[in-house]
Amino acid sequence: MDWLGVYYYWAFAALLMIGFYAVIAKSNLIKKLIGLSMFQSAVFLLYITMGKIDDGTAPIYHEGISQQIFSNPLPQVLILTAIVVGISTVALGLGIIVRIQEEYGSIEEHEILGIDER
Amino acid sequence: MSAWAQHLPALQVGVPLLTTPIIVLLRPHGLSWAAATLTSCFTFFIAVMLTVAVLQGQQVQYSMGAWPAPHGIALSVDAFSAILLLIVTGASTVALLAARQIVNAEIEASRQPLFYTAWLLALAGFVGILVSADAFNIFVFMEISSLASYVLIAGGSDRRALPAVFKYLVMGTIGATFYLIGIGLIYLMTGTLNLADMEVRIREVSDQKPILVAAGFITIGLALKAAVFPLHLWLPNAYTYAPVPVTVFLAACSTKVSLYLLLRFDFFLFQPNLLNHNIQFSYFIMPLAILAILAASSLAMFERNLKRLLAYSSIAQVGYILLGASLVSLIGLTASVIHMFNHALAKAALFLCVACLATRCANLRIDSLRGVAKQMPWTMAAFLLAGLSLIGVPGTAGFISKWYLITAALDEGLLGVGLIVVVAAGSLMAVYYLWRVIEAAYFGKTNEGAEIVGEAPLGILVVCWLVVLSNYYFGLAPSLPTTLSSAAAQILLGQVP
Amino acid sequence: MSLLLDVLSWGLLSLGGVFVFIGGLGAVRMPDLYTRMHAASLTDTIGSILIIVGVMLQAGASLATLKLIMILIFLLLTSPTATNALASAALISGNLPKVATQYGKDPSQ
Amino acid sequence: MMSAIGIPIIGAVAILVVGKISSNARAAVVLLTAGALVWVVAGLLLNLQASQLEVVQIAEIVPGITIALRAEPLGLIFAALASVLWVINSVYSIGYVRANNESNQTRFFVFFSLAIAATMGVAFSANLFTLFLFYELLTLSTYPLVAHKGDESSVRGARVYLGVLLVTSIGFFLPAIIWTYALTGTGDFVTGGILQGHIDGPVVGLLLGLFVFGVGKAAVMPVHRWLPAAMVAPTPVSALLHAVAVVKAGVFAITKIVLYIFGGDFLGAEASIKWLPYVAAFTIIAASIVALHQQNLKRMLAYSTVAQLSYIVMAIGMINPLANIGAMLHIVTHAFGKITLFFAAGAIYTVSKKTELNQLRGIGRRMPWTMLAFSIGALSMIGVPPTAGFVSKWYILAGAIQTDHYAVIATLVVSTVLNALYYLPVIYLAWFGLERSGQENFGQGQAAPTIEHAEAPGLMLIALMATAALTLLLFFFHQPVVQLIERLAHGV
Amino acid sequence: MTVFFGVFLLTLLLIVAIAIVRADNLFVAVMLGGIFSLLMATIFFLLDAPDVALTEAAVGAGISTVLYLAALALTAEREKRHTVHQIKALVVVTTTALLVIFATFDNVQFGDPTAPVHVHVGPWYLENTQRYMDIPNVVTAILGSFRGYDTLGELFVVFTAGIGVLFLLGTRPKKDTEAAETLIPQQSETSEGLRNYLIPRLTGRLLVPIILLFGLYVQFHGEYSPGGGFQAGAIIAAGIILYALLEGETAALRVVPQWMLMALMAGGALLYGMVGVVGMLLGGQFLDYSVLADNPVTGQQLGILLIELGVGMTVSGVLLSIFHAFAARDKY
């Protein structure tokens, strides 16, 4: 099913667009951060998609079953790492946002810029 | 000893990395600075040992977990990474040596162990990028260094650091994700993550489109992290509002490490394997480099805050580094690499002077620095001497890189003449913006009601002068950086020395 | 035998699907939060029970069935609790049921 | 040679140390350093034969690029000139700073010594890179001297000074140097030049242009702007640096480049460099006309310097042995004449605070010795025998006649007339004019208070009489200098 | 069948993504984010990546939602409608997407076993895992050993984030007069927990031990089935966070005090590093587990067990520390 592969890649591209758009166009810092994690999720989708083999199964051996097609485990490992990196970034970003709220009383980018210019 | 010598690449990363949990566990009161500084010194020492090994012509390779590449993760150190290792570990050590008083003043004692932990993590991240020979591993260490840098920048007492660092976080993450997309596309086409293996297998890829797009994503992503001109927006505020020792550290190395990756990927991976890549690379990079030099320098010329002025100057210097690389020639690349080294020296010295000033002056606007040279003669003398190196006056380290850059440009004929004009204009703009500071400090009338301040603490001053003098040492006897950088240029162009 | 199991399991699965669909429909069509929650709870209870039992029949007597039983218990414990917590939170924050207020009664009294 | 550069540096450090203790000790150190420098340079001069013109390499920066020194005749002349005048100037400056109560005297003498060290470096440099290194050091070490007063106008003047010199040196000089290195792989000063065979056609003219305009210190128009601007400096600085050390370093650098990098034979055969004498001639005429309109004494002297420097450039541009001798000689003779003039201007300022020309009426009667020296200097500028200025002009004229360079001859004639036009009235007014009260000077913007004053302080007087005497003596005893130059012409 | 299922889920994913961007209420956006993660996890499962699916579910839907909510409690719930650089954003975004599509459009080898990805490095792991370390889960094998250095780095990323949040929130906010006027500090009710709500509390108490047990199962069964240190760490952290929500901050901190969290955080990282160093001391390379025991295969298994433990410790320690750092703050 070739068009399915195409659909997966298109979904990746679309997700990338949506997340990236939120990062650039949204003024709210939390919204930006959510956009950022969607942007990263899109990349996860790309990696996992490329690791899939038709009629494959998860790369875990089972007793007694031999001669099986396994999907490629390497992209999965990479994405495991990337997911954890992503949540770390989000956690740190939220920490900064909370500090910004405490110092400025706002988490809207345009308001913060205005406050410092005063 | 020789048994340990083979572990050097692993130790280079391992030492700073594994010291961090120990510091967190013990949280030694007042000693965390000493622990971090000692670790940084030791890391620098390892970097020196590695450089010696590279200079002796050894192939420094290391397989993590004894799994051979491409299945396991390999580390490798060549001349290019060696010179960057020296820059990064040296800058960290120097900045830490000068950091204690300022950090004591800015950060509560209870939070200091965490601050120094973050510092070592940033160091380990940078070093990890430099020794790694695996594309994905580079991403992981890039994230360690980035996250730790965010923490460091937000560490100071200035609240404006927070929005600045958030912007940095967003742009840095976008850059890293772009890099990840690029690596994913290459992996899609080659099935490997090891850089050397990748290089071999890209050659066999028939359809070059994904590789081309990957090259684009990686270059843009890294350019974002390296603050290449139109993508530099995060840098000025981040450098300005960070605690000064952090600025010393990051200004000397964070953009350099991204530039290192940029050059490594573009030259090592794509240049030999993509049709016309040298032309595309030049067309893409050269205008940006020229813009960076001219635009950032002119922004610096009208900037009133000393730290931001130097930050803009850093963006301009990134332009010089890229300009050398965009010529895609041996001398051009040599100029590029050696300018990384020399600019790190000059900028570290300048920011150390700022650190000296920051211990005594409440505010770092040029207006409020009038007449400060009378009270802090040694600091301002150091600033002057370091400034000369940034401008590129003969006898200083900065001159060496300008020399190589112009020599490289001369090989380009008419285009080269234009480039020389740009370089010269950039240098003159540097004269202008640095001289505004010098003039205010030396010949300005001391502000009414300004309190009498003394010379900076001796500890910081000594470190500052050490770096300033090394600017002159490497200006008069530059054989170490020149040897390393010409070897690096050869490696990048695939001419194995 | 296996045919019988198959037919049975498919029956259960389709029935579960129907309930889930009805639950979803209710969540969209009902007028206020409480009635919507009421409709949605159909999915949590009868829908999920039917589907999981259907899958259990497919799996037979194995470790997987054990796991499915655990999941079922987990679901039956958590979803009513969650519904309860949600409803009381809504009530405390001043969100009154539309249907009740229409008849002039204030449930908070 | 190392000691020639080292002594002033050591002196600078010693001044820094001693300066905190007492001003007399500082003065002693200054004089001692200057004396020691003359001693060393004289030693080099006498041992010229023996030293065999060895190249002393100090450091190798990049393969092919070295910092190296060499005592060749041209450099020795320049070094001897600068060091001798430094002694005299030191005497003068000690008197000057004390009489004017200048602030930051220690800083003044420290940077003065550093500037001299850089001058020695320029004089003895054995290759382009070393030349450039010391050239820049000279610029930077004189900046604090120009901005010495620290008020608005001096800082502005110093900014122009630094700006023009750095723009030209980084913008033109450095690329030209790197171009040369790229062409030949070396930048060593070799008699007969190194560029022959590496470059030809119109680009030679371009390269020469980069050098001539890159060496902004030579003040060829239009890069002369810094020189009048630098007149905000205390007079001893203008006297030694902006009449001798700095500006001469400029023309000296051009001379060295023309002779040792291009080579006379090569340039003589090259058509694309013929523009050089014309540009110089234009500078001479234009600067003289500007000088004619100046009201400020020091600014007038500055424009005169611009003109006189171009004599040297013009002479070199003719590529002729006689003219070359004239050029060398003019470096020396102009130095003595112009320093005398500046000394006199400084002496007048010190005792009377007068700076404008029309304030000088009748001043000769109050300060006869000063004005006598001034007159000798002015005559030397015009080129009237028996002053030294005549000798060098004569050689240049002879060279021009030999090469049938009519434009140069015409320039010489016209400029001599112009020189006379702006120097003679000053002399006339000073001796024969009637001193007026302050009221009438109001039109000039700054009404000089009429101060009852007599002759300048003794130390200053000694210095300016010494240089005036030397100006006269050099007319009669110019032969040793000429011989030295001729040895160079024969390719020692 | 799976094909249609995949298309269906992807479409749903995109709809949810757009809904997130368009939502004004940040609370809604965060909850939708949880749904997004669950959908993503399902898709990963469909693509034969159960390990990743488990992680995405635990981390994306669980932990990150909790963190967002904690942050929302301290900031603002509503987004102000203010969109900047809309045109610029659209241009940049469209260019990026077009680039990606340009790269992949006519070269899709989805699921093709002959694609370069599936012939070069990947199969080597599938073929050799049994020989070198004899554990069924190849993903765990790569994660723990073949690319153990990556995992070490990843662990330190988490560690850095923990350090960072503790450092940033370790300072009390300066009482900005401006901020204090507009926003009156609210008395934090977290110390009370849900004590007064019987049903949630009872069920929660019942669930916490089960969750912790499941966490330990995921931790130690990681070599045989999907799971491992990260997932386990996240699940255990979630269990304790649930306890904190039920019984209140202080009660949770009494059970797992701050110093213990720090010790977990640093100890786990140290444990991982030390396994590497011991490998070096015993004559192998850094992170070479084969030398840990007489039999290389046993050594590998031991090494993976130890490092997974280290990962689990650090991840749970960091996540809990971050949660407490947020939850212990008053709103300003």
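By letter and in written order, the chains are A, B, C, D and E; residue numbering begins at 1 in each of them.
Keep in mind that, in the parts below, a contact is a pair of C-beta atoms (placed from the backbone, for glycine too) under 8 Å apart; a residue touches a chain by one contact, two chains touch by 3 or more.
Bear in mind that the values here come from a model prediction, so they are computed numbers and not experimental data.
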Touching both subunit A and subunit D (chains): B
Shortest walk length in steps over touching chains, subunit B through to subunit C: 2
Chain nearest the overall C-alpha centroid of the shown protein atoms: B
Chain at maximum distance from subunit A, centres defined as averaged CA atoms: D
Selected pair, greater C-beta contact count between B-E and B-D: B-E
Chain centre separation in whole Å, for subunit B relative to subunit A (CA means): 28
Distance from the mean Cα position of subunit E to that of subunit A, given in whole angstrom: 12
Inter-centroid spacing, subunit E versus subunit D (mean Cα positions, whole Å): 75
Where subunit E touches two or more other chains, by residue: 100, 104, 115, 117-118, 121-122, 125, 147, 150, 153-154, 157, 160-161, 164, 168
Junction residues of subunit B, two or more chains touched: 136, 140, 143, 147, 150-151, 154, 181, 187-188, 193
Interchain contacts, given as pairs of chains that touch: A-B, A-E, B-D, B-E, C-E
Complex contact set, residues of subunit C against subunit E: 74, 77-78, 81, 84-85, 88
In the complex, subunit D residues that touch subunit B: 59, 61-62, 65, 67, 129, 132-133, 136-137, 140, 144, 147, 150, 155, 158-159, 162-163, 166-167, 170-171, 174-175, 178-179, 181-182
Complex interface listing, subunit A residues touching subunit E: 1-2, 4-22, 24-28, 30-31, 34-35, 37-38, 41, 44-45, 48-54, 56-62, 69-81, 83-85, 87-92, 94-99, 101-111
Complex contacts: residues of subunit E adjacent to subunit A: 3, 6-7, 10, 13-14, 17-18, 20-21, 26, 29-30, 33, 36-37, 40, 43-44, 47-52, 55-56, 59-60, 63-64, 67-68, 70-72, 74-76, 79-80, 82-86, 88-90, 92-94, 96-97, 100-101, 104-105, 108-113, 115, 117-118, 121-123, 125-126, 129-130, 136-139, 142-143, 147, 150-151, 153-154, 157-158, 160-162, 164-165, 168-169, 173-174, 176, 178-179, 182-183, 224-226, 230, 315, 322, 325-326, 329, 332
Residue ranges of subunit A in contact with subunit B within the complex: 16, 20, 23, 29, 32-33, 36, 39-40, 43, 46-47, 50, 74-75, 78, 81-82, 85, 88-89, 92-93, 96-97, 99-100, 103-104, 109, 112-113, 116
